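This is the structure, below, for whatever I ask next.
Each chain gets a letter, A, B, C and D, in the order it is written, and its residues are counted from 1.
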Amino acid sequence: MLRVRNVTKSFGALMAVHDVSFELGDIGITGMVGPNGSGKSTLFHILTGFYRLDRGEIFFNRHAIANRPPHQISRLGVIRSFQQTRPLPFMSVRDNLIAVAPRQCGESIWPLFFSPTRVRRQERALREKADGVLDLLKLAPLADELAGRLSYGQQKLMELGRILMADPRLILLDEPTAGINPTMIRQLVAVLCRLCEEGIQIFLIEHNMPLVAQLCQHVFVMDSGELIFSGTSGNARRDPRVVEAYLGRESHAA
Amino acid sequence: MPAGTRASSKPIWGGKAMLLEVDRINAGYGRTLVIEDVSISVDTGEIVSIIGPNGAGKSTVLRTVAGQLIPDAGAIRYSGQDITRIGMAERGRRGLMFVPQGMNIFPNLTVRENLEIAGLLLEDKAARREAVREALDHYPALGRKKNQYGRALSGGERQLLALSRTRILRPRLVLLDEPSLGLAPLLVDHIFDEIIRMTRLGVSVLLVEQNARKALSVSHRAYVLELGRNRLTDTGARLLRNEDVQRLYLGG
Amino acid sequence: MSYYLQLLLNGVIAGSVYALFAVGLTLVYGVFRFINFSHGELITWGAYLTLMFYTPPFSWPLFLSAIPAMALTAVIGFSQDFFIYRPLRRGNPITLLIASIGLSYMLRNAVRFIWGSDLRTFDFPPARGMEFGGYYVTGIQLLMLAAAVFFLAILYLGLTRTLWGKSLRATADNLELAAIMGISMPRVSASVWILASVFAAAGGILLALDTNLEPVMGATNLIKAFAAVLLGGAGNVWGALLGGLFIGIAENLGVAFFSPGYKDLVAFALIFLLLLFRPRGLFGLLTGVR
Amino acid sequence: MDYILHVLILALIYSIFAVSLNLELGYAGLYNFGHVAFFGIGAYISALLSRAGMPVEGAMLCAMAGAGIAGGLLAVPALRVTEDYFGIATLVFAEMFRLVCLNERWLTKGPMGLPGIPRPAWIARGVDGLPVYLILTALAAAGVFLFVRRLTGSPFGRALRVIREDEHIAQAFGKNVLLLKIKTIVTGSALAGLAGTLWAHYISYISPADFTLTETILVVLCVVLGGRGTHWGPVLGAFAVIFFGEAVRFLPIPHELHRYVAPLQGMVYGGILVLIVLKMPSGMIAEHRRNGA
């Protein structure tokens, strides 16, 4: 359950996000849309700790996460994706998944030498978990392939696999369908719906409005840093302010 | 050949060539293709705009025409000559001017210095100095601040400074990438008035704009792109009333 | 009280020479976004080449021997970029840093190879300090100050009055826009490297007049130049000039408080503090002109 | 024969020094050009303690701890800046260290340096102690090699590689990047301190002139030439650099040309470093051909 109150952020004179407040109740998939430069990416970075906010508060299940470093927010189960896929090219697909799993005791020096069995056991468990996720995403045959050699669409699926390895409670996706072909989009959407059924909340930033309409029960629309609409995507399409945000204002004739 | 002269070369096969013909270009960044088989054309004296939802590849088309990006396939012909692989400076000398999106002035140069650099392509020193003086007189807002640094200008003034390069170079075709980005509505109208005044100088305009209605209201013709492909093309007026355009942006 | 003013005077003189080093370094950073570690060796080569032309078999007068020295240093500076840095430009900044460290070590040892490691001097006759108003200034120090001011004045006029200078500043300001405006990149990069090399060489010669020449003189002064660049805000030419003066004065005044052995420590400590708290520099955007 | 033992000991000490830098530079992508400072700190601490009568083994342990702590002190502030500035900050740190050693005469005897650094009691002095010292150094080198291999082959090493490839991904998936980097630098510095003590007690005389940019170039060369981010790369690099350095002594060079040898060697080292970065960035042993954890 994410609560955002009066979040404001400006870069010098430019007011990127202005007094935005909203709540993600227990809705499965929520979408945030808006033309370029509307501030939705800035808000996304603020929610995940990559940008500091000037004013306002953010709560995720009672935890105040405003201005907390990204790794602390991530450990609460708020996991994000990046607009461009960022595979670790020299590792296999399975290693890409295992590498990002949280709370690995093998990542601190002491247990490595003084409780090696615990480390080995956790490694095996992570390996099985990774293979499970790869099956879910139908990427199992590529498990040992170097991540750098995957197609763009496969890398997007692998990115989703990495998010699943982090035991997410709320997934924040930054334009998941940008630049991938329709068949891959259908596969991605299918996986997202299945995650929803398992109770994982998804908050999706997208400017592909038709996809948002199909996927999201609830939509927020932002324009020049302000939240101008909150409701179903059907109403959004008919709301004059949203139409004007997207199509602009016709002026006096030439 | 200093820019601005009117000698438009006639193609040998008769029939006057369009000022600009973009023929099925494919381009992208790294391994991902952003635009596929996109074709557009602009004729002398026209304002043509390219619109479409985000990520449609509008800016990529413009940057390919400007020469900032070399297409993987397809050709670009400018007044009959193939310029697909020619550098930006040479395109500028042939009268093709590009105003990029966002930061399109030099923040740490004064307004006058910005204009002098803008006129760099005019080989003749005297012509350049005269053009800069004339531009400063023509835009009093810039004239008053001619010794101030670019970063001290407001959003609207910066865009005006970027557009004023047209008055200096007197190009034949100007490429504008989202001139209204980040500007308040009132300023957007002001900037578009300036664009219209440009055509009175005999300058044709190819415009990429997110504010679709505004662009359509000033364009003779427009192309609508979706997911990197030509989707629709028509006159500005007819597209304003076309239902498909709104559905493309908002779905449903 | 006059003791401090004397230190201040020495500081200004040393600072003006540091400014010559810093200006070239920050110009390269402004356009290419990389700190050239072997910039120090240009200082050393400038000084040694001048000494070569000044002593037999050439034994030309000082001014005459400085010209070819600076020209040859410019050739070294330009070929550094052409053969080594340009192919690496696409890579990450670290490979450029490693390459410039390796190159600096190579050039320094080349000086040791040709001229040996022992100290050398121009051995001017010990000029009795001219005394005016209670402060002693040697003829050489006056020459240093005058030459430094002369070079910096030329730089100022070049960068603000000529179109060539303005296009340099424009490229440092916004590389992408500069290309759109039709500024030719090869010409800009050549002039940046030549300018940086000439200024480094000039600084090296002036430094050598007052102190003696040693193969490692470039490296120690590079760190000071880098401190000046950081102080002025990386890429900011006038900031680097002010930064150089500041360091010269801080060093010389500092001598009154702690042992001269720690003179270099001032620049080191300054770098550390600036890197951690104000990477953009004190004069960040104050002086404006990049 | 003794000469070969000498070269072997030097090569082993330098391989410890290179392996410790590789942990930071090769695996975590931390370009620490001040590594020689920790080599020096280790040398000075153990020299001072052992001259003050402390048993050498104890002095060595204190030296490692001291170097590690110094590594932490440098890491906490220096990690606030980006890669290339971090490289310059660490380089300046090394120069500051050398300057302090030069000027704090009461502690380090300044430029005259510290003579008479004792060897462990059970190792004879002078030449006949060489074989035993070689064994000690070999054991230390093997220990360090296995320790670092275990470290970099484990989830810890994998996390470092994630940080090196893409820090944002590491942060977005809950890795405390700063803490991992500090641990890496502290460990690397402690191991560099070990190399420093072994060297100090072997040479028995140290001075600030032994910890200059030359040593930084040499150790970076070992890592970059050998192969960044690999286990055997730095060891191979260390042996190659030391053997080349020492082999030059055997060349029949007439006496009057003698002064040209050292500068020529310096030019070759610098030149190789530039060539490697230009032509063979992954060094002799390429990392990803050996594929991951």
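Side notes on the structure shown:
Going forward, contacts are C-beta pairs under 8 Å (C-beta built on N, C-alpha and C of every residue); 3 or more make two chains touch, one makes a residue touch a chain.
As the structure is a prediction and not an experimental result, all values here were calculated from the model.
Averaging Cα atoms per chain gives one point for each, and the point farthest from that of chain D is the centre of B.
When chain centres are taken as C-alpha averages, the shortest distance to the whole-protein C-alpha average belongs to C.
Centre-to-centre spacing of chain A and chain C amounts to 49 Å, using the average Cα coordinate of each chain.
Centre-to-centre spacing of chain B and chain D amounts to 57 Å, using the average Cα coordinate of each chain.
Here the spacing of chain C and chain D, counted between their Cα centres, is 31 Å.
The distance from the centre of chain A to the centre of chain D, each centre being the mean of the chain's C-alpha atoms, comes to 42 Å. Contacts between chains close into a ring here, every chain touching precisely two others. In summary, the structure contains touching chain pairs A-B, A-D, B-C, C-D.
On the chain D side of its complex with chain C, the touching residues are 31, 33, 77-78, 80-81, 83-85, 87-89, 92-93, 95-96, 99, 102-103, 213-214, 216-217, 220, 224, 259-260, 262-267, 269-274, 277-278, 281. Residues of chain A touching chain B in their complex: 14, 35-37, 152, 175, 178-179, 207-213, 233-234, 236-237, 242-243, 246-254. Of all the residues in chain D, the ones that touch chain A in their complex are 150-151, 154-156, 158-159, 161-162, 165-166, 168-177, 180, 183, 187, 287-288, 291-293. Contacts from chain B toward chain A in the complex involve residues 31-32, 34, 53-55, 180-182, 185, 188-189, 192, 196, 209-218, 240, 245-246, 249-252. Residues of chain C that touch chain B in their complex: 163, 166-167, 169-170, 173-174, 176-184, 285, 288-290.
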